[in-house]
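Right, one structure below, let's go through it.
Chain lettering (A, B and C) follows the sequence in which the chains are written, and residue indices restart at 1 in each chain.
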Amino acid sequence: MHELAVPPVTLQTGLHWLDLLGVLAFSLSGALLAVRKKFDLFGVLVLGCVTAVGGGAIRDTLTGQTPPLFLRDETYLWAALLGAGLAFAFGERLARFERALSVFDTGGLALFAASGALGALNFGLGPLGVIFAGMLSGVGGGIIRDLIANEVPEVMYRREQLYATAAAAGAAAVYLLHPYLTPFQAQLGGALVVILLRWLSRRGWVRLPVRRLPGE
Amino acid sequence: MHELAVPPVTLQTGLHWLDLLGVLAFSLSGALLAVRKKFDLFGVLVLGCVTAVGGGAIRDTLTGQTPPLFLRDETYLWAALLGAGLAFAFGERLARFERALSVFDTGGLALFAASGALGALNFGLGPLGVIFAGMLSGVGGGIIRDLIANEVPEVMYRREQLYATAAAAGAAAVYLLHPYLTPFQAQLGGALVVILLRWLSRRGWVRLPVRRLPGE
Amino acid sequence: MHELAVPPVTLQTGLHWLDLLGVLAFSLSGALLAVRKKFDLFGVLVLGCVTAVGGGAIRDTLTGQTPPLFLRDETYLWAALLGAGLAFAFGERLARFERALSVFDTGGLALFAASGALGALNFGLGPLGVIFAGMLSGVGGGIIRDLIANEVPEVMYRREQLYATAAAAGAAAVYLLHPYLTPFQAQLGGALVVILLRWLSRRGWVRLPVRRLPGE
């Protein structure tokens, strides 16, 4: 039941198409940032692709699956190139679809966090290891995007909304659910937790404290 | 004698508790930087953890031990979370313990450099490979911390004190000592070299040249 | 014919010396940037080495060859240290050799891109995976250099000249050529494509579009 073979989970669960939507959304977010920073065509494509596949690359490197899935399954890079190409072609005009992009982005975050957690479970890791690996898989692409664009990673800095925290909570849900469910169901459950927390925090019903310094 | 099995050295040598102190100290250093940069609670926890486990993750990835030790042995992430939680709770008030933190930090640097060197020896690497792997294991966490905080890595920039150099010298000592000693003794010897060099440079007795440009 | 054993391609093809020239050139480029940024001696050596071996480390990590080649074959780190030492000793006076450095740099880019593509082919990856792995192997060192020096990676930003694009094209050439040629010949062919494209773009005959924002 839980002996997941390489290639990992996402392909076997029928959630492959949702994974690709997440890749597309992450690629758009990276490529739009590159357009704003006036990278050339190639820089836009590369930043889009790296954002889209970064989280999965971290997941596969940490869990020892080499070459990583995005190199073995070409559909990932095609989806990433499609997203980056759209961002280059339409540029700022995509901003009006920001709400739709944000939905895809949450979907990608949810799926990557859950699949990273399953990959870590597969190695018999404990709860913290599963949560950390799932969280990094979810947010890794965005961190690499912001590092290359020479900005403090957005996930770190005064977010009113839960983002990485939602990914960690989703990974925790996968850990708690997986003794009772199939991998498919556990991944779906974890992803739903991420989506729920993102939605609650967008409404302003959940937020994280920022440490205030004296004199501020 | 030198056939070290996975999981690696640090656990078998009885130096595990010192390793955890180093993790705690590195975590505090990362989390305090995050507090100063006004990251939210989650950002503080993540930057603390990443700083604490980054060096070990680099060591294990370079020597092909996946998943890395910090994911397999949960005590590492607990120690990292403890350090980051203390930094978030007490913030700048910890600055008065700066001297104590610096001692722990040197301990962590020494232990990670020596364990990284032993891990590299275990693969039959030559002297430069051992020194490079040990040095990166020692300083890797701090470099990742500074990259994410969008600063030039502290270890690179006009340090009056030896830091990365001390880690490299400790790794070299492990290489030189290991034909004559047990792994435990070689690791301890390498760690002591790091501590000695750090102490000498704090006293101002050893320093590294900075390249002057013409006209400066 | 195509079953390349570990250690990989570059050593078996007789192109090892050219690989080392590339390492030397990359090391000089990283170390000169470190000199300009006033890093200390150690920082200069480390930035030189990391620039020189970063691309190969990415290639070997992505294709699961651990420890990476630069740790197993000591000549790489010696070449990297030589380059960084020259940069520290002669500093800005090397600027007059900029043209020679650029030739070596292109050689390194070409060789790393082609050997990264061969390594990926060796795993049966498809065209996009081969191109992406080859491109990252070629430009990875420079990206790590610029990240550590806290600059937007040069390859991303408004380059008039093809650079990463040339690496990607060379990797694509390796993919297209390898069914008809020996690995040695395919690598050489891919490297020549990189060199040709670099030369054409230096002459101003080829360039990439930059996305213009409205109102600019």
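By our rule, contacts are C-beta pairs under 8 Å (C-beta built on N, C-alpha and C of every residue); 3 or more make two chains touch, one makes a residue touch a chain.
Going by UniProt, the chains are A, B, C = Membrane protein YeiH.
Model, not experiment: these values are computed from the prediction.
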Shared interface numbering between chain C (Membrane protein YeiH) and chain A (Membrane protein YeiH) [over half = same, under half = different]: different
Superposing rotation of chain B (Membrane protein YeiH) relative to chain C (Membrane protein YeiH), computed on C-alpha atoms, to nearest 5°: 120
Distance between the centres, which are taken as Cα means, of chain C (Membrane protein YeiH) and chain A (Membrane protein YeiH), whole angstrom: 29
Residues of chain A (Membrane protein YeiH) touching at least two other chains: 61, 147, 150
Touching residues (chain side chain A (Membrane protein YeiH), partner chain C (Membrane protein YeiH)) in the complex: 34-44, 46-47, 49, 57, 61, 66-68, 70-72, 74, 77-78, 81, 88, 91-92, 147-150
In the complex, chain B (Membrane protein YeiH) residues that touch chain C (Membrane protein YeiH): 61-64, 120, 123, 125-129, 132-133, 135, 143, 147, 150-153, 155-159, 162, 164-165, 168, 208-211, 213-214
